[in-house]
Amino acid sequence: MFTIAKTEATRGIWSSTRNMPDAPGRGMVTVDVIAAGICGTDYHIYNWDAWSSGRIKTPMVIGHEFVGIISAIGEDVTGYHVGERVSAECHIACGECHFCRTGNAHICENTSIIGVDRPGAFAEQVEIPASNLWKVPDAIPDTHAAVFDPVGNAMHMVSTAKVTAKHVLIVGGGPIGLFAAAIAKAHGARSVTVQEPNQARAAIAHSLDLDLVVNPLLPDSTSKILDLTDGHGPEVVLEVSGNGRALNEALAIAAPGATVALLGIPGGPVELDLGAKVVMKGISLLGVTGRRMYETWYQVEAFMLKNPDLIDKVITHVLPATEFERGFELMDEGACGKIVLDFQQIEHRLSA
Amino acid sequence: MFTIAKTEATRGIWSSTRNMPDAPGRGMVTVDVIAAGICGTDYHIYNWDAWSSGRIKTPMVIGHEFVGIISAIGEDVTGYHVGERVSAECHIACGECHFCRTGNAHICENTSIIGVDRPGAFAEQVEIPASNLWKVPDAIPDTHAAVFDPVGNAMHMVSTAKVTAKHVLIVGGGPIGLFAAAIAKAHGARSVTVQEPNQARAAIAHSLDLDLVVNPLLPDSTSKILDLTDGHGPEVVLEVSGNGRALNEALAIAAPGATVALLGIPGGPVELDLGAKVVMKGISLLGVTGRRMYETWYQVEAFMLKNPDLIDKVITHVLPATEFERGFELMDEGACGKIVLDFQQIEHRLSA
Amino acid sequence: MFTIAKTEATRGIWSSTRNMPDAPGRGMVTVDVIAAGICGTDYHIYNWDAWSSGRIKTPMVIGHEFVGIISAIGEDVTGYHVGERVSAECHIACGECHFCRTGNAHICENTSIIGVDRPGAFAEQVEIPASNLWKVPDAIPDTHAAVFDPVGNAMHMVSTAKVTAKHVLIVGGGPIGLFAAAIAKAHGARSVTVQEPNQARAAIAHSLDLDLVVNPLLPDSTSKILDLTDGHGPEVVLEVSGNGRALNEALAIAAPGATVALLGIPGGPVELDLGAKVVMKGISLLGVTGRRMYETWYQVEAFMLKNPDLIDKVITHVLPATEFERGFELMDEGACGKIVLDFQQIEHRLSA
Amino acid sequence: MFTIAKTEATRGIWSSTRNMPDAPGRGMVTVDVIAAGICGTDYHIYNWDAWSSGRIKTPMVIGHEFVGIISAIGEDVTGYHVGERVSAECHIACGECHFCRTGNAHICENTSIIGVDRPGAFAEQVEIPASNLWKVPDAIPDTHAAVFDPVGNAMHMVSTAKVTAKHVLIVGGGPIGLFAAAIAKAHGARSVTVQEPNQARAAIAHSLDLDLVVNPLLPDSTSKILDLTDGHGPEVVLEVSGNGRALNEALAIAAPGATVALLGIPGGPVELDLGAKVVMKGISLLGVTGRRMYETWYQVEAFMLKNPDLIDKVITHVLPATEFERGFELMDEGACGKIVLDFQQIEHRLSA
């Protein structure tokens, strides 16, 4: 079957063929992929950065955010049937470790991730445990259902930070930052500001009809945020840029008592003025990873059902899966929101 | 009256005289000081470090943790009478700013602190707003009542971090770390470990009958903590050392999902591996300052009533107030837990 | 000055005159009333029911939800000036009791309420402590500012129950239920249902563009709610009817683990099947009274700034204050949402 | 093998024989029972009350709180091996329903309970899913390990109610109430009071060295509780009696803002004064059922490791399993705390 894979240990990503998965094993299902989103993680793998080159074993079919139709069901799978449309959690948790057993499967110590540690969803078919599936209501279109996972990252962050009635600053206007902005708005934030230097992304933020979009490279960005927040600064900061300097600037203007959720991964250590900007201001820095299984999924479903217009604005491109290179080039240029690949038009689909 | 004051803008602290306070103003009371604790903040002022030399205007009577007897009451004070024994919150919050009005007076933007911004409690008498008082139950002895404030810092940290049934690591065995250890034990922590290189302080920690006391300078300290915590590491870290290296080491062994409360003030910026050790582990870093007004005081009172033996062990010295220099020397040597100064024996007490 | 008062200890409410308040006392301000809402409490007093006839001492100017302009300021008032537009918390808490000091002033044991225990806001002027004031942003119109208090009741209930991403059932479509529906929608509820037998009120609920409005007198109301909630029932119930039978029916269909906020005051004891419907379902019943001082006010302000259209729909009548009888008649008929009285047109305004 | 079973649909309980379980099925294990506690639920079944006669299908081996040694392991079981000592959660949740998938397996809509819906643990052997097991640390003795389940009920209740630094009233001094008292003490409650009319149980409460034990049948019980709580009443009430009158009395004296956890199952509907005693006091009533899977188990383990002396005092009888009738008679008399049956001495043990 057609796949998009890391076949060589160097920068790039390539189309490749792989045999269709065998009949699914016990507790597993096979899903025919309809559509899949390109994640920042896929882009890291494409760039073959330190993290990905240290973890990925080539060849590896990538991709982990997707929607599809169940085409085969393994032994002992209950509650699902062939023909159902599903998305899926890409983190396959062990279910047995201390963290899984105490409601924290998102930090399972034995996690395996599809598209990273095992064959992913940029393929005509993907095999996944039934316990990772999420049934998609009919009212949610395929392109939205394909991005349950990144909307879930944003939702986990927003839910953790508790934005309702608060001034919210989102540092970084990539897809997750934009989804977070949309969710914060839908959850009743007092104001939502996106800080993003890339003007293509800032334009998407503008289209969400937020309270403020600022360019951190311009001198007035801080004063604009302070004006909007009655001089106190944001009460919630959602850090998705991974940029240490931006984090420090955000801490400097954050209101005393603010909650700062951290989702972006800095490239290296970050120097922080913990004394003056965290301890004495009573600020909380909350590391956020993955999605709560599966409470976050339920929350995302609720959001998607109510706010399709906002999601449409963040998904800027739907490309045929075969044009995946164009997708990665758009990410190189930063000229996009979320990109979704359409796997339905693959020639010879469902034939190995 | 006798006071202990910063009379010169250089290292040191001196006895000094000051007129008795006038009759207390509206809403204010005068308190005859019985006993007062020496705080790390007092020691910073003694050392005339960057923070204190930038903030304190000499001459300034220092001291802010104390117990005493109300000797005079200003106009419009209700609910208190002369002769009552009280301790008091040293942060005088404005009551009118956004933070005060939404339950966060501990991060009031107009706070004034006795012993820092206005005359303090290392004196025969101190004047303070009635709204800052806390009546002390008879069952709590003077030496304990004198340290409501630092036990309150520790309580605020422990309550914020939620230690019950959790493995708790306390980084730094000074008085606040030791009080925190005692509170964590009393609140049902699964295990309590104190990490402290100073052997005098480690000995006090040992006397609290904790699960583990480790010396971070010895090579086996990490393995001992991991052994105690079934290999997962502590689920709660209480950082009171202000030592960046210790914080990084604690983050490295903290369990995924751990809560790390930060109360120690580092001397400068701290470099943190936020990506691997905070974001991807789903760890929360919670800056803690001051005390919740006045929920924390109520919690401290409950703790003190039940655990006098633990507090006794952390208070290692009760010195006559006139021997305050000996107190600061003990802190220089690190050869002490909490030091309390006794103001009851001052000659000519209550005469200007 | 013109007032609306309970002058006789019998059913009814009457216009009356009262001298203008004297110059405000220390810490007090005088507010020239612009507009004031008629509360369910005012209607209880009008009806002279068991509660009101047991508590009110006639003659008493009623009314407690209002907006006005500060016209005089007492000694020691800081942070306010003549000419500012303000609303105010009607519960005057003591500030000194255990509850006030631990962040729970809304359950102060010494509360005095304007319009109940002391002269109210259905008057040309009202005197109130400065610490109870809330400055109103220019963007909020007078009619909205007049109802900060009941929107605050609804906000306290919704915030306590945590509605985001949840199926929410509101039992009772009076003004507070309708405000709660609007807030639940604005806070990202998964679905919002209002249950209300009165068709005039149901029509207002319909105008809020909710997910469902049901008539509990019709046989299909339960099945409609179950259909909307995937058969699980509502995850949050907001009970504002005070109707015991409705509460029992709501408990019967509430999802296991549901949160049921109780704000409505039943006329007498209510029989509940606690075993099967509360304990074994793991349901929480949360009594909600008043407003968090002043966190709720901040939340209401945020909501009002973002959702003026929803508030407009719930305020169905703005009447000249002199036509107050018409307001109470409308409440008799149940043919209204929130009614606001306009005090700006009073003849001889500001003259005694 | 020897079992204790409900063999006839009438009051009583009988010894019975049953074939040893077959080799355990996929995901299942067989456990050789060491010891098992008699639960209030077992006593309900013994009495053949309305609930049990409506649910139990005879013959049924009862018993669901136990410790034992794994003697056989089914296919696909990982992480466990023959010879390990384990206790187990008796609620077998489906793992697939909405509640299981969002962290609320304790209110799973498809729960099956051992000893109620399928063969129980009052037997030489019991079969149970591996995912329900809990490994018991060596330091916990068999008799304690046998009661993980009821201590877990108590722990779930205490954890939900949040007792630290609060005045706690426990209504009902049966085994769960007594365990709750012990846990509240270990978690740093400000005071712990047990209210229990049965003098044998009150004596056990006394042995736990609590702050107060009161007899609700005596006229001074309320005043004693108010005296202990500075006149405010308890801030936390843990209701384990299922007695409606006792609940009403507790609500009458509970402090405003109190949390009231409900675990006892009343025999029928309970009349509550919701208006004055719940809504206007801002009180929360929290239904508590089962145990959080498996966070509660982790918490119980922590408690058991630290407080063996308290558990010893609540377990008043350890009887040979063959003397089970004596156990039920003791419960008839109310002359006991928790009773544990010892299954190690069964003749012909491990032979069918």
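Note that the chains are named A, B, C and D in the order they appear, and that numbering of residues resets to 1 at the start of each chain.
Everything below uses one rule, namely that a residue touches a chain if its C-beta (ideal position, glycine included) is under 8 Å from a C-beta of that chain, and two chains touch if they have at least 3 such contacts.
Here the structure is a predicted model, which means the values were calculated and not measured.
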item	value
Those chains which touch chain B and also touch chain A	C, D
Turning angle required so that chain C lies on chain D, C-alpha fit (0 to 180°, nearest 5)	180
Length of the line joining the C-alpha centres of chain A and chain D, rounded to whole Å	42
Centre-to-centre distance between chain C and chain A (centres being mean Cα positions), rounded to whole Å	41
Interface hub residues of chain B, defined as touching at least two other chains	98, 298
Contact set on chain D toward chain A in their complex	26, 76, 78-79, 95-96, 98, 101-103, 131, 292-295, 298
Residues of chain B that touch chain D when the two form their complex	159, 164-166, 183, 186-190, 298-299, 302-303, 305-306
Chain A - residues contacting chain B, complex	98-99, 104, 106-107, 109, 230, 232, 242, 244, 247, 256-257, 262-275, 278-290
